[in-house]
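What follows is a set of structures for review.
What follows is subunit A paired twice: with subunit B in the first complex and subunit C in the second.
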Partner chain A sequence: MLAGEEVIEQMWGVSLDRLYDSDEGQRILSCIQCGTCAGACPYGEHMLYPPRRIITMLKAGLIEDVFDSDSLFKCVNCYTCMTKCPRNIRLTEILLPLVKEQSAVRLEEMPAELQKAIENTYRYGNTYGESARKRAAWIETIEVPIRILAKDPAPVDILWFVECDLSYHPRGQAAARATALLFHLLGLDFAILGPEERCAGDCGRLSWEPGLAETLVDYNLSIFDKYTFNRIVTNDPHALDAFKFRYPMFAFKHKTTATVPELYAHLDRLKPMLTKKLDYLVTYHDSCCLGRHNGFYDEPRALLEAIPGVRLVEMDHNRENSICCGGGGGGMWLDTWYKQQGIERLSDRRLREVIATRANVLAVACPYEVSRFEDAVKLAGYEDRIIVRDITELLVEAIGGH
Partner chain B sequence: MKGNGDIRIGFYICHCGTNIAGLIDVARIAEYAGTLPGVVVARDYKYMCSDPGQDLLREDIAAYHLMRIVVASCSPLLHEQTFRRAAEKGGINPYFVQMVNIREHGTWVHDDAEYMTGKAMDMVRAAVLRVYAHQPLERKQVPITPDVLIVGGGIAGIHAALTMADAGKHVYLVEREPTIGGHMAQFDKTFPTLDCAACILTPKMTAVKAHPNITLWTWSEVEKVDGFIGNFTVTVKRKARYVDEDLCVGCMECIEACIYKQGKFPDEFNMGLSKRKPIFIPFPQAVPPVPVIDPGQCLHLKKGTCKDTCVEICADRKAINFEQEPEYKEIEVGAIILATGFTPFDATRIPYYGYGKYPNVYTALELERLVNASGPTGGEVRLPDGRTPERVAIVHCVGSRDEHYNRWCSRVCCMYSMKLAHLVKEKTHAEIFNFYIDMRAPGKSMEEFYNRISSEGIHLVRGRVADVYPETLEKKTNGQIGRVIVQAEDTLIGRIRKIPVDMLILSTGLQPRIDAEEIRRMFNISCSAGGFFLERHPKLAPVNTFTDGIFLAGTCQGPKDIPDTVAQAGAAASEALALIDRGVFELEPNTAYIMEDDCSGCKSCIPLCPYTAIAFKEEKQKAEINEALCKGCGTCVASCPSGSIRQHLFEDEEIYREIRGLLAYA
Partner chain C sequence: MNTSIFVIAEHLEGRLADMVFEMLGKARAIADADGGQVTAVLAGYDVSSLTATLGAADTVILIHDELLAEFAPQPYVRVLARLISERKPGLLLVGSTSMGLDLAPALSTELDAPMISSCVDITTEGDDYVLTSQLYGGKIMTETAVTGETVIAQILPGVFRMEDGQKEGTPEVETVGADMQPEDFRMRFENFIKPKAGDLDITQAPILVSVGRGIQTQENIELAQQLADTMGGVVSSSRPIVDQDWLPVTRQVGKSGMTVKPRLYLALGISGAPEHVEGMKNADLIVAVNTDPDAPIFSVAHYGAVADIFDVIPALSDHLAEKTS
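Here is the complex of A and B:
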């Protein structure tokens, strides 16, 4: 089996009508129409054309009908179909982006929230429509020294790619502060791009306009070229995905990892710092990009279990069978659109599993998830019983004195 | 070009219908061959392999006093033997024949007639020059030991053993478990006839035990295999059973008397659905009916402190022997049949089917025990909480047809899933849902069986199950096991279905045994991509291996049902019989040989030999090649630093002349 990077690289520049020119594209000819993709898809029941039917329609030359429906617009890019496909057809990586783009183009009206997020990103380099100059404003709220490369361009070990949510969203900023403190306490040599940083492009071509994604890639690459660093660490698993699977097509060669595996690599040194007992029953929600697409299942759990007092319980769906929070593939900006169609948000569905575990803390490792699940907790009326925390926040809480 | 002196060569090119003559000008090649040194007759003929073709060869040998023959036709794999025999009948040494493969290496892979005609000429020239240097060779004969080893006492091994023993051969049947019977002994009914597995199997098991020509060694494993076709030396380890097979009368009183009043350890035969004692027999009809003691569980063997109630009750029979040590038996056999069987796919490997996580998710083999009257529930299909299920789902293709697990179709699951649907419905009147991808019912009476069971009113849902999760998220506290939801796309109606069921049965596929690779190495055979043992030819030599004298039977070669397993076991037995009854085995003479004067005894050839045919003779300080094991691959010949290994039929002169001929553009 090819690694994801190679697969996506191989698919570079391949369009739907030339899909069979590539080995990976040809693989869809081996589809046995078992329906695993449709049955596994968290929104499969709401799609007129779930992945299985799309493959048949494509083979039968009826793909135009699929473009005209909004079926694939509902894909949250969670990699579940791809993970379970018995023929190992890498639907999420190869087929869906091509189909989804076409579906998006033909939508009568682009959902307003998504439209706004795309416009904001185009204009300001972030989905929030905030000024780029304020991107590093959050560092004023923390005493840890944080180097901004534009001010001090000396070579650095880790380029910490903070991303939009950690830079602008209040709950994201909490994770940013926690991460900065952990890096600082671990003595890591790190710096940020600050105002120079722009959105990495989510999972790149998968959910956005490809043109916009490429503009962002071009821009960020030009900034990376300005500085000398060994590797990139980012809190956002979507950015990790973009760097690992999309940027390499544009000659990006930097080693990239996510904050969770980075912290896990220092667990021996981190553990003695975790002195404060946290009497929490914690359940961990696997991020799709971190888990299914990059295989980090044990690392987040090991970090949580290193905290004194924490007891970890699993939801019914976990690890590779986890259910998406609904934020991926542009879903982050489609909540209203889903609601209009009478479709339940995945974060609400997922929360019911959280509640069933009786956990009082929901630990997450993706910046989309904190706000999505806090919304869901409020909606369910569980604010008194469940708190949502990024793993970095819990680690800092256990360090005590901070 | 150097001439061939007074060697008289006959050349023949075969049309092979249009296979060869359709592309190249055979008459032109024959004419060209006639101009080559030493060729006294050159002909083209429609089918050289036919009787008239062979007659032509023989007649020409007499008429033209031919001393060498070159046939340009198909692959030597097909007809080298044919032409060698014809030459032998004509009165010349069979190894004076050289074939030129202008079909597989020629017309089948080229489409340019002119180019191919030129290539054929080059190849013909090479063969004519080469054959001049051929030496007369002789086939050697090796006597064959008439006894047979059969490894594995499932239905395949049992059937092969009985067939051979009935033919008067002595059979050693070695079985790893304490009893023979294999997986079939665990099944309840068998498709498509729904006859009881035990009813048809146990008579054969007792027949094995009673047969004067069968030496049955259960609780035993093959440790070492040496030798070659007709002359294998095999070491068998007889594990300590702690109950003497010769003294035990099979009364089972020791089991009753064990200090453990109740079973305490998971019963392997019942797939862990019941408990057994440290001293046990797998099932009442076990053969031999001799208990075995698990040394890791028995108090006497583990801690040395027990009242030894088993010994007490056994009394004068003195069959219990805690001092028993493993015994090693060395046997000589002429042929070996491997019937080592399969392992069911481990369902825990697919996390989203919930096996090992939800107590009401079972494997098909567990269900076989549950529906079986001698099983842990006396044949009642009950959930762990004692209830009878009202809705049951059966998931086909678990671990099969899946790139992440096993790529192959396991062949039996569709039909056994239909069988289980019938049996569970019959016993519980539950509503049954079979989730399948494609329903596979090839084989005699299978489609009729499918027809019959589907008419019984089960729900057939065409869709692979994508997720299994609890119906209600609230954990039940009253001890009742909650339903699980089986989620799949019903691809025929295009909807996602979420069906709550009380019981979920996973139809796990067949895969090679965990230690198949070790067995493969021990017997020096090959495995196919999936790890099943590789047959010599998928169609024409399905029970042979690439190691002469070793045959395959049953599911160790690939998934198959009981009828096919038994048929293959019979085939393996008859192949082995055909070998043994010949009494001698003829060796191909194209083997490597050592020029002893030149061998420096460096031993570098020994580890290179893929057939372990080379040994070091200490007394001479020279390498020695066992002709019976050598396959003539040439590895040692090419690697010998002192050039002291040569090979019949591949002598330097022969090869150099062939190369010279090939490269001499005429």
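Here is the complex of A and C:
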């Protein structure tokens, strides 16, 4: 289920009313109703219409009933159903977002927190509602020189797409500082867009507002056109997803990768810098977008194992069976809504697997996960026993003298 | 000038809106200065008892019809447009309320009459009414001299004194029929949905005593409640407290809860995760108590104490009790 031109072609222009005209629609007709999707879905038991039933309803001409339910509110876009489907139906990429969009249109009232995040993204280009001008304010907090393309537009190898969480959230900024230092020490030629950058739009697309996502795509493409660079690297697996699967439909052709595989590519030079022994028992949480959707399972683990002293243990659900932190598909802004529905947050559920490994460090690679799991740790009362760290933070900790 | 002023007497569930008295008071003042007449227009079904509090008006025109029992824009616009085109008042005052926002523009179109929204003052100049109104949410004020057979002014609530329009006594009442059929209208009143009765609204409280994980047990929340009672405040919390079901979700401050701006925010045992700070950073005064000197809450607090909240809460309660006794 990796990105590629074939995939993009299948996704392009598919709409619900002309679904069966597309190859993907034909594939949906081949569903054998095995229910693997519903069984694998982390919130399947809370959905009146899990993916299997959505397909049944669609075939029976009763899809309106699905639109009127809140089932798709519980879809966290984790790609589990799609990965497990024996017929390769591209549920998370095509059918579910289309149904989700219609469910959102019929909502009487959008949950306030999600509404605010969407409005903030529309107005300010980030979910936090912070000023776009402050997007690069975090670079004042480090010694490493960081080039902003607007000020110095010379061609560059790597356009580092920092994204909202790393730009504005204090814990995200820690990962941004760590990444900048690693890029600098590896001698990479990189620059950022700074105040010109806006949310890549993945969450907008997946969180019920495809129109907003397209606005952001248009905007970011116009900025990319201003500069010359060889490739894009981003820490946010959601942005990676957007660049790999959505932007190409709008004539975007840049090579894109995530920070973790980028660092892995330089592991031979990075490893000698990791001189400080960290006596940690680490378990790694696979991000849905980085793992299931883009296949980066070994790279994050190799980076962690390169740190002297680190011992890696696996949770019950790992690699393609990993359980979502609950932040995707708009879940990041539905915490209170889930709470009101009496549904356990996935980050709390996942943390029980972390605790079972007896690890004292939970390593993550997606900016959503740090704050979600730090909250879960607090709620479980494990503040003294488990710390949550981005992989880049751990690497920097292992570099002597930093 | 035409000094006959009509005021729409809006009512809901058997009670006149406060707004009606605010408008009546202003209308009375203009009429008294210019020797005019104030008429309250009361449309409804079996609402004649409401006329007893409309003493500030010279007359009440009561439009009585079953189709007016509950507010629906189409029948109301029909009867009011007919009345106004017959009686030709110089000025019609409508509240800038949900009902008024339905009525005024529709009447303006129906009667081809000038209308000014968001009015905060009315004066007269020669033969014209001069209306002061807000633009851009109050950032800009405009004064408009309006000429027209009937000028419609939509008045913002709370700008005129309600007391000026509160006068007991029933003025002369003229009852008018409506002669309408339900099938005349495509829009009708279905039912009145009341908002769910909620817990108290923490966004309105001037003092919030807010607790975090540091409170340790559900029983200890009572200590914060006692302190809040002494201070005249309300207890709120960070998310873990709500997640544990120790307080209802209505008390939660932060990204996934409420954004508050009290005069005093007392953060007790709250570490200050960014998601929490987002909801309270604009409070006038933030006082934080936490045992961890590195807790991020101290970076937004105006005053902070690295202390055990179980020492601070009783000490503060005792001190306040002493002061008030």
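Everything that follows uses one rule, which is that the second predicted complex is superposed on the first by the 392 of 402 C-alpha atoms of A that agree within 3 Å, B and C clash if a C-alpha of one lies under 4 Å from a C-alpha of the other, contacts with A are read in each partner's own complex, and residues count from 1 in each chain.
Operating definition for what follows: a contact is a pair of C-beta atoms (placed from the backbone, for glycine too) under 8 Å apart; a residue touches a chain by one contact, two chains touch by 3 or more.
What you are looking at is a predicted structure, and each value in this text was computed from that prediction instead of being measured.
Taken together through their common subunit A, the two structures put subunit B and subunit C side by side without a clash. Shared-chain residue A:Leu379: touches subunit C; no touch with subunit B.
Of the two partner chains placed around the shared chain by superposition, subunit B is the only one that A:Ala38 touches, whereas subunit C remains out of contact.
More residues of subunit A are touched by B (comparison of subunit B with subunit C). In the superposition on chain A, contact is made by A:Asn321 with subunit B only, not with subunit C.
In the overlay built on the shared chain, the residue A:Glu101 is in contact with neither subunit B nor subunit C.
In the overlay built on the shared chain, the residue A:Asp202 is in contact with neither subunit B nor subunit C.
Annotation: apex subunit A, arms to subunit B and subunit C, angle 140° (C-alpha centres, rounded to a multiple of 10).
When the two structures are aligned on the shared chain, A:Ala356 is found in touch with subunit B, with no touch to subunit C. In the superposition on chain A, contact is made by A:Arg52 with subunit B only, not with subunit C.
Minimum Cα-Cα distance between subunit B and subunit C in the superposed model: 21 Å. Under the contact criterion defined above, no residue of subunit A touches both subunit B in one complex and subunit C in the other.
Those residues of subunit A lying in contact with subunit B across their complex are 1, 32-40, 44-45, 50, 52-53, 84-88, 316-317, 319-321, 352-353, 355-356. Remark: subunit A residues 113, 128, 169-171, 333, 335-336, 339-340, 371, 374-375, 378-379 touch subunit C in the complex. For subunit B in complex with subunit A, the residues that touch the partner chain are 351-352, 397, 401-404, 437-438, 462-467, 469-470, 473-475, 487-491, 494-496.
The part of subunit C that touches subunit A in the complex is made up of residues 213, 239-240, 242-244, 249, 252, 255-257, 271, 273-275, 278, 296.
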